[in-house]
Amino acid sequence: MLNSTELLAIPALPLIASLVVGLFGWALKEKLSHTITSASVILSALLSAHVFTQVLGGASFYGNFWTWMLSDTFVVPVGMMIDQLTVIMMLTVTVVSSCVHIYTIGYMHGDPGYSRFFSYISGFTFSMLVLVMGNNFFTLFFGWEAVGLVSYLLIGFWFKRESANFAAMKAFIVNRVGDFGFLVGVLAIWYYFGSFDYRDVFAQVPALVAQGDSLHFLGWEMSAITFICLSLFVGAMGKSGQVPLHVWLPDSMEGPTPISALIHAATMVTAGVFMVARCSPMFEYSETALAAVVFVGAVTAWMCATIGLVQTDIKRVIAYSTCSQLGYMFVACGVSAYSAAIFHLMTHAYFKALLFLAAGSVIHAVMAEQDLRKMGQLRKAMPVTYITMLIAALALSGVPPFAGFWSKDLIIEAVGAREMGLVGDFAYFAVLSAVFMTAFYTFRMFFLTFHNSDRVAAKTKPHVHESPKVITIPLMILAVGALLTGAWGVMGLDIANPEIANGYFGSSLFVLDAHNPLMTLAEEGEHGWYHFVFTAPFWLAISGIGLAYAMYFRETDMPAKLAAASKPVYTFILNKWYWDELYAKTVMYPAQGLGRWLWQKGDLAMIDKGLIHGGIVGGVLAGMNRMRAMQTGYVYHYAFAMIIGVFATLTYLVLKG
Amino acid sequence: MMELNNVLGFPILTWSIFLPTLGAIIIWLFVRGESAVRWTALAVSVLTFLLTLLLWIYFDNGTAHMQFEEFHPWITAFNVNYRLGVDGISMPFILLTSLLTVVCIVSAWDCIKTRVKEYMLAFLILETTLIGVFAALDGILFYFFWEAMLIPMFLIIGVWGGKNRVYATIKFFLYTLGGSVLMLVALLAMYFKAGHTFDLQALMAYPFNFEWQFWIWIGFFIAFAVKVPMWPLHTWLPDAHTEAPTAGSVILAGILLKMGAYGFLRFSLPICPDASQYFVPLMVVLSLIAVVYISLVAMMQSDMKRLIAYSSIAHMGFVTLGTFMFTQQALEGAIFGMISHGFVAAALFLCVGVLYDRMHTREIGAYGGVVNVMPKFAAVMMLFCMANVALPGASAFIAEIMVLAGTFSADQLYEMVISSKWVAVAAATSVVLSACYTLWMYKRVVFGDLVKPEVKAMPDMSWRELGFFAPLMVLVLWLGLYPMPVLNVIHVSVANLVEQATSTKLHAAHALAQAEMLQQTVLR
Amino acid sequence: MVPLSAYLAVAACLFSIGIVGLFLNRKNVLIILMCIELILLSVNINLAAFSHFLQDISGQIFIFFVLTVAASEVAVGLAILVAYYRNRRSINVDDINTLQG
Amino acid sequence: MNPVNINMPVIAPLIPEMFVAVMAMVILIGDLFLAKEHKVWSGYLAILTCVVAGFLTFSMSPSHAVTAFYGLFVLDPFASYAKLLIYAGTALAIILSLDYIKDEFGVGEYYSLMLFGMLGMMIIVSSPNFVTMYLGLELMALCTYVLVGFQRDVLRSSEAALKYFILGSLATGILLYGISFLYGVTGSFDFASVGAGIAHSGSSGRLAVLLGMVLVIAGLAFKVSIAPFHMWTPDAYEGAPTPVTAYMSVAPKVAGLVILIRVLVDVMPSLHVEYVTIFTWLAVLTMAVGNLAAIAQRNIKRMLAYSTIGHVGFVMLGIIAGNADGYAGVLVYMTIYLFMNMGAFAVIVLMRRDGIQGELLDDFAGLSKVHPGYALAMGLYLFSLAGIPFLGGFWGKYVVFMAAIETGHLYLAITALLFSVVGAFYYIRVVKYIYFDDTRVEFNFVENRLMQATVAVTAIAVVGLGLYPGPLINICKAALGGII
């Protein structure tokens, strides 16, 4: 059993740091702010590492700290569940976060919101840790929403920029769409299992499936477990930028680069993957849900890769590649290779963070210029960035022995091995072709930045320089991660063990033997280390790199020709498949129009003018005028009224008898 | 004369009801000078708040029976009695009232410059009537306070309100009055049916047959639906809110709206359980309209107060939905939602007030980039906006999730046209919609570059302003992270209410009718 | 001898004439006063007839009250009329309409 | 020869009436000997008369009915209570006149006319007999005709008097005609025996009975201005000098309602079904006229005239209920109405600017800024008239509505409540003028301790009765001892 105070300390440290810096930042010096936050985060990273070792030693933790909500059968505790899955996430989060903290010291230096920024990222670290460490769906949801909030705040960090504010709002609202699904899923979970607690819930799943409960909606029916899984997955799609809820992720690049690295590449966006893996005991029982996961993942992986091919903003290229890589992870989840998914999550965290931070370093050097077309030939000026970026690029492209290769290869093989009919085939095609595109756009970016012709604006030229240590050191740390984590994961942690129970993850993940792709792989027989040479992905990656080399290193005028040759396709992709326009036309404007219509026509015209003023008030006024008209002022009219009154009553009575 | 359950030796409820009035009289007669008036009013309201705290301290969570009861004959001719008492459902609202009154008085400290004395008097008297409403256990006494509330509110909106105040306040007055007269009819009808009593507990116990329940329910419904307000009787609220002075909006959103929902809990459900069951589809539809329709309308508002007013209607839609699900969670969620909304909406109106005091406009378009000059304010408003979006950690989240959970699971109780699961799903859309209108407003007002010169000139919040936000912030977060103190208070009473609302009165009514018939035949 | 009904009929006629005169006349206020007298007289005839046929004296006593009061009433009425005339310089019924609505 | 023994009639119960009559004459004559600047003393004397009469009536108010003059006069708790109300109404009206009439000509006549009118009402409320009733009515009516036209050189005053006189005489005629038929059927003028006669009158006399009933009701309805016999009210109220309007708006209404109740209870118990149906319709019509037409008014006196009609409409619910609660309700309502209405008129009378009477709604604009005290009082009266709780008016409505619902007139009660909402509008509109608007015309209020005291007392009474109406209700219930 792990020491609960130690566990509590891990999220608590960043929280305290964040609060202190957030509330008293105005009083603190820059130095003090970043010291407090960075120190606390690094400390919690060390603690996580310690916990990690303990967990490797077979320790685990499960317990509640206090009751959050309670209403007879509705019990929501706040508790922790530490197992292999959790701890690997904790480690990744805290390590990357520490690097980003240090990096930020240099990157945000002199920014008016300096201490605010540190408070945010520490707060983010806390939220993310809560998300992964929680032992029930509400603790998860708490972290889930908290990271969303922080991401909102950080995307809009430079609140003077209209585009940044809009991107922030967009991110939050799109995420809320996902949360809507997640919330419904959680409600359904409570309804069917009477608990929010992972253990209780997962324990009851087989019973529910056997019982064959199902929901009906206007004649359309689905099994309860499928409903739950799909709803939860909607949440995952929102958080992890999967089609069609991916639109916020590229825009989130409006935020400062360290944020893009930490939140929108390494950690937060992978929360969806984590959640699906965490819920593997449920997803396993719903073929439909798994198929949906695979499909969405595959579509995202492929589509975002295509968009990445033509982007000219260095950060957007990486952002789309993030979407695409997340797609890989979901595909892995969908084919029940959860271990592979988490593995890729981990490696991706390192090399993608590295990629972003390196890009940040470049942007820093060329005075906040993000347009690839205004870079080039930076190799000489900034060697460290160059090297680290190269490592990251190779890792991302899946070139052995870099981290990305191991995890991605595992995923692709798993997809190939899993029999899922049409969806499966599509997914396989998608991930394969995506490998090629990934390699291509990564190196396209790489060459355009560091090689190719020197297109840096004249006035920025003098400023081009290597970033200071405080920036480069984190790069190096992460580079190590991008180099080694893959091999370490397979060899050291035995993550890829087909029998998950015997592998690293042990009981923290669950796969039905009926469809365990890794098993099938294993049955195909053991391969040597050189095996990769015979696999498609490897060659695809190589050729991708080669093509990029050809187009952006040698024949630098080729891209233009190609673009001209395939104009319609090019523009279509360049405009990101017109997703934003689609949403604007189909959701945003209609909603606003409807709102305005309901307000003007419904509230003002119908109820106020029609019912109240027209109906009631109008009636009263009409009556008023009638009464006034009766009061003519002529005595004989008055007398007449009296007589009429008398005769009317009299006749009434007489006739009535 | 029944046994009075009052752990405190002295009539605490009477004191907390009439202490403000007492203070008002003292101010009226003896206090001269604006600042003196302000300080006295503050002292009185704080004193009242402390007094009501005793209720909470000495409250027994273990029983659904009324506590701190008081009984005095009032109008013997009609068996109208001065009967007070609170249970877990009403007690929190008394605290809410006394707290928000303090906040109101502080918030009006120097933004009300004309007729300060009358202003303070109006608020203290208003507090009396509001606490009275929540403490009354006699139908007529309830109605008495319910209606008396109109007078101070009418003046508050009309005297210290905005440009279009006269229209707004008269609309408010007549709407509410017109709604509540039918409640009076219902009360009187019950009086003669149920053997000449207005005692709420007696009425709850009396078996009305379905026809009676049906009409009584309608009578109450109109009164309460206007107050809540429910579509389509809601159009008075945006006007009233827009024109009212800040503190007026605070009380309006914080307490007045709750009176309607409280009425449903106190009267409709226990007295007419069968009718309530019967009307569930109606209430569900109206509540969903409130959640979806009104949210969309709110999105399009260009006036901040109007926007927040509409969002209040939407949130009250959640409350009414929860009220008519008859599950423990839904009801607790509804009550908690009212309390939480009391803080959040109040705070948002105060935020608008802070801006209004500086620029004297509520137009969203007139602002932009406020954060550049008012960082403190931006942070505070961000907190309450997120609470309005019902983010976890804010009290509103607890309410929303409990209502949704209760709704989702409600179809174990009864069959509706469409399973309540889908009702819950439909209601959950507010997760998205609330985010849309709240954040959009926040973006347009607070974020952005500093271009407008008049915005440049705005000073950040003063300590006084932070002062009245502080308690609200603390409460919103505290109740969001650890709501148990409140939930424990309401558990038992709500359980009792669920029991009342889900058990039918029809069998008893039938038996009674049989007995009466028998009696007549015997007499004949 | 003359039956009761005859007296009642006469009274009824007088009464109706009075009433009709009251609101058909658009000319002169004095006519209105006369109509009122007619009405009161019809009442007296009624009372007299009844008291005779009922062999009960109280009716006839009441007649005297009615007569007396009627006299004083007319006095007051005329006084008011004079006052009115002094202000309006007309006793035309159609002119009595400054107060209305 | 043995002495003729003349047995004097019992006259003890009439002592108040006699006292009032004597004082009225004393004032009438004594006024001639008063110097112009002292003429106000006859006003004080008149007030004193009311007070003393009140003491007399109070001291000799019996627990059961006492008759005098061979049953032509009755004194019972009902009558006593009504008389007390009438004294109060008259006294307040006189107080309002003190400052108003002093510059007019002929102060003495004015006060003695008021007292004579009051005497008429006193006779009405304690008349068990059509003859007495008729005399009372006429005495009251003749005095009020004159009072309405008291400002001789003001056109609308004399026009109002003329209209009131013409229609009043018509009403008298109708009443008498009806009485004659009832007499014809039953051969008596005494309420009780007429009632008995009607009860036994077969189908032969049916038509005559109905005729008599309708005509009598019409005649009385005129006095309490029940639609459609209300047409005189707005004009008379607007034209009359304000204190006279105040005088007419309460005391005669009390007298009229009381005698109406007497007639219904004693004479027409056997016609209950018929008159309830009639009254139900008349009540709805009355409420409609009062509450709707009032909205259109700009002159507050005229508005209050319509509001009086509206209130009479509400009071009729009590009469329609026709049980102890209902009749008690009528008394409760009139008592509370006395205070709030008189208070409102007091404020109106007080509003003067160099001789000009403020009586348009606009004149009240921004009153609260200039005279917060009066504004507060007026606000209380108006909310009370609107029937908002913690003010007396609410309980007045409450009691009669309750009676109506008790006797199963649910729909009538609902209608009445809805009309009361409509009515609330024009009251709060005045509040709007007082509190929300800016001052347009500055009024310097009359400095008169007595009148200010009136305002204070009525305001306190309105609030007090609103907070604790129990005793009043019990007293009114007890006051019915005499008739039911």
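Per-chain residue numbering starts at 1, and chain names A, B, C and D are given in the order in which the chains are listed.
Definition applied: a residue touches a chain if its C-beta (ideal position, glycine included) is under 8 Å from a C-beta of that chain, and two chains touch if they have at least 3 such contacts.
A quick note: this is a predicted structure, and the numbers were derived from the prediction, not measured.
Here the chain at the heart of the shown protein, by mean C-alpha position, is B. Set side by side, A-D and C-D show the greater C-beta contact count at C-D.
Inter-chain centre distance (chain A to chain D, centres taken as mean C-alpha positions): 80 Å. Remark: chain B and chain C have CA centroids separated by 65 Å (rounded to whole angstrom).
With centres taken as mean Cα positions, chain D sits 26 Å from chain C. Each chain gets a centre from the mean of its Cα atoms; for chain A and chain C, those two points are 97 Å apart. Residues of chain D found to touch two or more other chains are 162-163, 166, 170, 174, 234-235, 296. Each of residues 628, 631, 633, 635, 637, 639 in chain A touches at least two other chains.
Multi-chain contact residues, meaning those touching two or more other chains, occur in chain C at positions 19, 22, 32, 96, 98-101.
Contact between chains, as defined at the top, is found for A-B, A-C, A-D, B-D, C-D.
On the chain A side of its complex with chain B, the touching residues are 66-74, 138, 141-142, 145-146, 149, 152-153, 156, 159-162, 165-166, 168-169, 172-173, 176-177, 179-180, 183-184, 187-188, 190-191, 215-218, 591-592, 594-596, 598-599, 602-603, 606-608, 611-612. Every residue of chain B that touches chain A in the complex is listed here, in rising order: 171, 232, 235, 238, 293, 296-301, 328-329, 332-333, 369, 371-372, 382, 386, 389, 391-393, 398, 401-402, 404-406, 408-409, 418-419, 421-422, 424-425, 428-429, 431-432, 435-436, 439-440, 443, 446-450, 481-484, 487, 491, 495.
Those residues of chain D lying in contact with chain C across their complex are 130-131, 134-135, 138, 142, 145-146, 149, 152-156, 158-163, 165-166, 169-170, 172-174, 176-177, 179-181, 183-184, 187-189, 234-235, 238-239, 296-297, 302. Of all residues in chain D, those touching chain B in their complex are 372, 383, 388-390, 394, 398, 401-402, 405-406, 410, 413-414, 417-418, 420-421, 424-425, 428-429, 431-432, 435-436, 468-470, 473-474, 477. Taken in their complex, chain C has these residues touching chain D: 8, 11, 15, 18-19, 22, 29, 32, 36, 39-40, 42-43, 46-47, 49-51, 54, 56, 58-59, 61-62, 65-66, 69, 72-73, 76-77, 79-81, 83-84, 86-88, 96, 98-101.
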